[in-house]
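These notes concern the structure reproduced below.
By written order: A, B, C and D. Residues from 1 in each chain.
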Amino acid sequence: MGKSRTAPSQIDLITRYREVRALSEALAAPLSDADATVQSMADASPAKWHLAHASWFFETFVLRDHVPGYTPFDARYTFLFNSYYEAEGPRHARPMRGMLTRPSLKDVRAYRAHVDKALVTALPMLKPEVQALVLLGLNHEQQHQELMLTDIQHLLSLNPLEPALFDAPNALPAPIPGPLHWIEGRQGLVEVGDDGKGDFAFDCEGPRHKAVLHPHALAHRLITNGEWIDFIEDGGYARTSHWLSDGWAWVQAEGIEAPLYWKRNEQGWTRYGLDGRKPVNRAAPVTHISLYEADAYAHWAGFRLPTEAEWESAALNIAPTSGNQLDGAACPRARAAEGGSVLTQMFGDVWEWTGSAYRPHPGFRAAEGAVGEYNGKFMSGQFVLKGGSCATPRGHVRASYRNFFYPHQRWQFTGLRLAKDL
Amino acid sequence: MGKSRTAPSQIDLITRYREVRALSEALAAPLSDADATVQSMADASPAKWHLAHASWFFETFVLRDHVPGYTPFDARYTFLFNSYYEAEGPRHARPMRGMLTRPSLKDVRAYRAHVDKALVTALPMLKPEVQALVLLGLNHEQQHQELMLTDIQHLLSLNPLEPALFDAPNALPAPIPGPLHWIEGRQGLVEVGDDGKGDFAFDCEGPRHKAVLHPHALAHRLITNGEWIDFIEDGGYARTSHWLSDGWAWVQAEGIEAPLYWKRNEQGWTRYGLDGRKPVNRAAPVTHISLYEADAYAHWAGFRLPTEAEWESAALNIAPTSGNQLDGAACPRARAAEGGSVLTQMFGDVWEWTGSAYRPHPGFRAAEGAVGEYNGKFMSGQFVLKGGSCATPRGHVRASYRNFFYPHQRWQFTGLRLAKDL
Amino acid sequence: MGKSRTAPSQIDLITRYREVRALSEALAAPLSDADATVQSMADASPAKWHLAHASWFFETFVLRDHVPGYTPFDARYTFLFNSYYEAEGPRHARPMRGMLTRPSLKDVRAYRAHVDKALVTALPMLKPEVQALVLLGLNHEQQHQELMLTDIQHLLSLNPLEPALFDAPNALPAPIPGPLHWIEGRQGLVEVGDDGKGDFAFDCEGPRHKAVLHPHALAHRLITNGEWIDFIEDGGYARTSHWLSDGWAWVQAEGIEAPLYWKRNEQGWTRYGLDGRKPVNRAAPVTHISLYEADAYAHWAGFRLPTEAEWESAALNIAPTSGNQLDGAACPRARAAEGGSVLTQMFGDVWEWTGSAYRPHPGFRAAEGAVGEYNGKFMSGQFVLKGGSCATPRGHVRASYRNFFYPHQRWQFTGLRLAKDL
Amino acid sequence: MGKSRTAPSQIDLITRYREVRALSEALAAPLSDADATVQSMADASPAKWHLAHASWFFETFVLRDHVPGYTPFDARYTFLFNSYYEAEGPRHARPMRGMLTRPSLKDVRAYRAHVDKALVTALPMLKPEVQALVLLGLNHEQQHQELMLTDIQHLLSLNPLEPALFDAPNALPAPIPGPLHWIEGRQGLVEVGDDGKGDFAFDCEGPRHKAVLHPHALAHRLITNGEWIDFIEDGGYARTSHWLSDGWAWVQAEGIEAPLYWKRNEQGWTRYGLDGRKPVNRAAPVTHISLYEADAYAHWAGFRLPTEAEWESAALNIAPTSGNQLDGAACPRARAAEGGSVLTQMFGDVWEWTGSAYRPHPGFRAAEGAVGEYNGKFMSGQFVLKGGSCATPRGHVRASYRNFFYPHQRWQFTGLRLAKDL
């Protein structure tokens, strides 16, 4: 579960509640009932499901448990919209979420309004530890906002019509970033992990703990699409020696030849995004790559991925609200890297694969009860990603934030920054 | 392809065109955009897809090929809504039909209206052989009407809310049918297969040919749910000796214990239908059973399934428009079997599994060209079913009609009538 | 089960028993313990398993049931070597037969000797109906002899060393057969199926029954490798219009481009056989093709496959012991077709795919009890093959004999003869 | 690749070569040709393959590359017996290793003798860096000795006869170990990883590097079968809250209820081993458990798994040649834990799952060339195990040694030791 150390002021919490909830609605606004219903793969969920599930979280852990007299909108929704909380009883099978043509998107919006009304009314009377659950629920909903966007993109990408959901402004052509510069990192003992001083952090971000950093440097910017095309053209996807063994098996089995959503035509590479199919912008950070691809690129380039501690230590002095996040113009943004003497693009644009497995920080204990299922049980087989993306709501991410995916997954806005030993 | 031997009168064809097209719309009327979009399994298609594909057939084989100046509604729809006509070029992969959240149901209705307008305008000028294609298209659309209903039922059955699409009238309790009577069939040489005298038949129904019938009798009525419960309670699903080897493997692998859509609760067996979940009616014909189940039941009962020729020969004197078909009240209908001296329930209610593999009649040759892909290429691994069901549009079925499904499939309204050697 | 209508004379039965059993040993003689142990696919069984299972049949249905005081060789073998007789209790899972490194081939030979000794001793005292079971067991063992050979060939084909088990004599180059001639078949009512007059037939071969033949002709010889290469070179495997729908799916999924065991090198096509890898002989009948391939070839050539009744009726006057069978020189044999005025190659060389599904003959009833599981339960999804092959023991096959395989299977010596409507 | 820092003296290397090679032969001595040929699952290899592959390593990287005039035993073996060295060209597919009934076990022994003769002759003339390759080859062969044993055990376990390969001496009943004691570990900065001072280490063991240890303690002994039965009886396998999410999915999909090779009968739990099926010894360490099971046990017990650095730091002062290793009496050994003031059972008995993902140590770079494929490419998705087992050749393991398997794998002798935070 998340931890909120001080009771957020009530006004702030209500304001924040309204803002977060409204953003979900805004993101879903261009969707039809059908768009919001279909599940494109087992890893993804329908938009309607995200909208309802985020409400189920408030209804279950706040309204049901702490607001006497609350009447559930529909008692059957618990079965439908629980995600994976085993302690909350049986639930609709994950790969069958796309079968739920009923309730409709309109019904789900009514469900959200019902929960909103009850919650906003009850908020001022809630005890601080319950307000902390509301704050957790808001952070949870923000996570689902990002997933909802990437899931919709995946769904629409499977439609031969390749519809555009949004118009993207016609960006001025961005200059191709210059060569990588290397920014030396701290060495020796550092402190990383959630320090318990912010308003909120997920349980897996802590505890604060010491880590050793060996002499190393990080690239001052992300790897671009242009650099990725160099990798492709140099046979990067065809030469087994660059690849982890599992990665090579994945490349062979799936016939992988480029990042997700890329296609080659006579003019060159194009990519699909929520603004439709467009030419690949060589100046923008590469995205929709798996850990296997990121690792193979790093091997090909003669470098490696950063460790989580290296990345986190380097990010401690950078404002986590900086960078190109969900309210930004393009996803991700093509941008000339500044001078090269400082780290850029650390927050926003793309989640950066680290070379660190997603395992507990020293001293980590999962919370008891249903909300304790939040993070700890996913700690096998996945890798940590840092820094948020252009689909992460601004204010949601921070240096200690740990995102995690399996090494083959790439429908999130995932990218890479190189590191090297000194 | 189908064959229409005499040019149907123009007035009739326009009327018939309007009626068939209107029935599709009526059947889809209770569906939301989401209901009409989702594909519940690879065997099924979204309702929207059925509606569009039936129009694509007219647009392609009639309007495009024979109506100069016709402007396609949307050139991209050819790729989306071709089913399996290899000669018509590449097409959207069948298991991905459910990803098409766009075009919307509303768009598809506009597509239908566009085709209707063009076709009704052109009809009077079409040459007889093109009018025959229109008649084929109408029969094709009727097939898709039945599939659309059974596909929707399958989809909604996967929703834990088990929504009812229609209200079924509360039938008077039907008396349990009495014991089976046996109606002796013709012996020796008979003629079966399409005789070329009706307005229309699919290519696979002919040619007319001689067949030998050995001494046999058919049960005067269908097997009921009550009799099926006897089979279950006698361990029918647990005793391997009743089953075809492939059937037993299917029972074991899928954990089959009852017809599709059945569940047992404290009060007994219930079944899901488009009118929601209801108690199983012991008087009604059993339905949603596979060939494997039908065959195992017959073995358990000491009898066998009819051959196609036995069934067809017996049906030659029965009006194919009789029985409980798509315009009937309940699906299938519980009905006391009359006296027992004549065959009843031959048309309508449920498709009757025969013991005959779906192979070409002697002398069959598939038509050339794209419409020739219609039936011949499916002639391996499937069994013939006869007689139509409560979801078959009245007027669509006849004695020579050959429906065909794989022996494990059971989401259609499939049932059985026993036969025996004399 | 099989039926032997007259008690075979004891002397003959003992002689025949010894001969059949000795042939199994002779066929297995070149095998190492390892060769005889490995299972190359779920459809195949280890040679050791065939040798033991054929003995288990005698031990179970003859010695255990009818010879008081018989002591089983090893009580645990029942579990290991029962094939699919559900009535005989649980058994080792079929796909795990290749895990049985113990008992060794030597142990299995000792098991066979133990059974032989007991059976030869008991034979003179056995009642006629039990002697009939012995005859059934011998026919059963002959079936396994053919399977053993084809299973070994499949196994060794997966070894990159492509070992030769036998030396094949260097045949004189055979002249390429001339064009196909068509031999008109009987028309109207014919009698086919086992007539109960021979010493033995399997249950599924009967009963004798009437069938109608429509005007047709059969090709006077089998299709050759040379003709098959023409099919390949004309794009036969690449043009969907020739294929059954299931067949095309199989071709695509498995990447099929030629008969099993064929490879192309610079000199042309080669094939693997128990005599190693050799050039494809254009004069020899094509073999190791699936029903899908046979049907596609027939479609490409403008003809069709014979029905079972057509083939059987034509074969009634041909000696079933003729042709190139298991004791012949090459498998299959390249042979100039004689004149063209008579049917040739009907027995032996290759099993001929028919267009008939393997379903019961009219009036068929499976025998009661365990041996009744013999054939009836396989009557779905398979096609009938007729005439035996170069791996069928001479004396085993006859006109009414029904072999059956799934339409994708092709590791048997399967080939085709064309038919056409007149 | 491995590193040998000082050229081992020639006498020693020859002696060691002879000893290691002889041990492989001795371990394989009880196997039949069939035992040595069959592959029981994709994760395992046939014994014959292990024996040949270990020789291929010497033949390829030493004899072919560094001994002029060496004549390969059989040029085709390179294709058959390369494991995964992509740089060495194409090779027989791993899941098809069990199809190689030829060459025979006898042939493989001749291959080994051929390589031995050439290598022992050449050894004195080899340059130090080539002698280092020989030492690498010996360590490589030792790894395959352990795999060969566990692979044989897996194969024989699938035989319903459950054959015993060895007789195990009837051990005196061992007293049940007393309660766990906790041994506090070092805190703060420690040095772990290969220090480059031993004769040999695999590349992934280094470089030596600093790690931070947080306050913790390790259990003084391994978890026993008796304690594991307590876990089972307390519903350990049925309660999802103890399990990693991937682990719970594995438990459900595979129906896991106990360690591999365990079965319950009326007398209680039994386990299969190379000495046959025997009652589970409550005093012995539990083995054949997956990381998922080890982690679930630790969660159930209220503790956690050690990290690799915690384990390695604690093992630095313990002789790696101590404990019950491959030359010991039983596998693993039931043994009363001594007093409790020191760590016991650290080396030998069972590989201890750590909570550390198998990722590169800081500063790790894989060697160039084919031998560089040795370890680095497996660094995703696996966990580190430490300490060796009762099937590890004595002298092969050390504190820095990193074994690695996927979290679901358990056919090795895998077990667990608990750790806790202080």
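The rule is simple: a residue touches a chain if its C-beta (ideal position, glycine included) is under 8 Å from a C-beta of that chain, and two chains touch if they have at least 3 such contacts.
All values reported here derive from a predicted model rather than from experimental measurement.
K.L.:
Name, by label, each chain that touches both members of the pair subunit A and subunit C.
P.N.:
B, D
K.L.:
Just grab the chain with the largest centre-to-centre distance to subunit A, centres being mean Cα coordinates.
P.N.:
C
K.L.:
For subunit A versus subunit B, what separation do you get between their C-alpha means, in angstrom?
P.N.:
The separation of the two C-alpha centroids amounts to 47 Å.
K.L.:
Averaging only over C-alpha atoms, locate the centres of subunit A and subunit D and give their separation in whole Å.
P.N.:
Averaging C-alpha atoms per chain gives centres 38 Å apart.
K.L.:
Residues of subunit A that touch two or more other chains: which are they?
P.N.:
Residues of subunit A touching two or more partner chains: there are none.
K.L.:
Could you draw the chains as nodes, link the ones that touch, and say if you get a line, ring, star, complete or other?
P.N.:
ring
K.L.:
What chain pairs are in touch here?
P.N.:
Taking the chains two at a time, the touching pairs are A-B, A-D, B-C, C-D.
K.L.:
Please give the residue numbers of subunit D that touch subunit C in the complex, ascending.
P.N.:
My answer: residues 32-38, 40, 76, 79-80, 92, 96, 98-105, 155-156, 158-161, 163.
K.L.:
Note which residues of subunit C are touching subunit B in the complex, please.
P.N.:
For this pair, the touching residues of subunit C are 84, 86-87, 189, 209-212, 214, 240-241, 243-248, 291-292, 295, 307, 355-357, 359-360, 362-363, 373, 377-381, 383, 407, 421.
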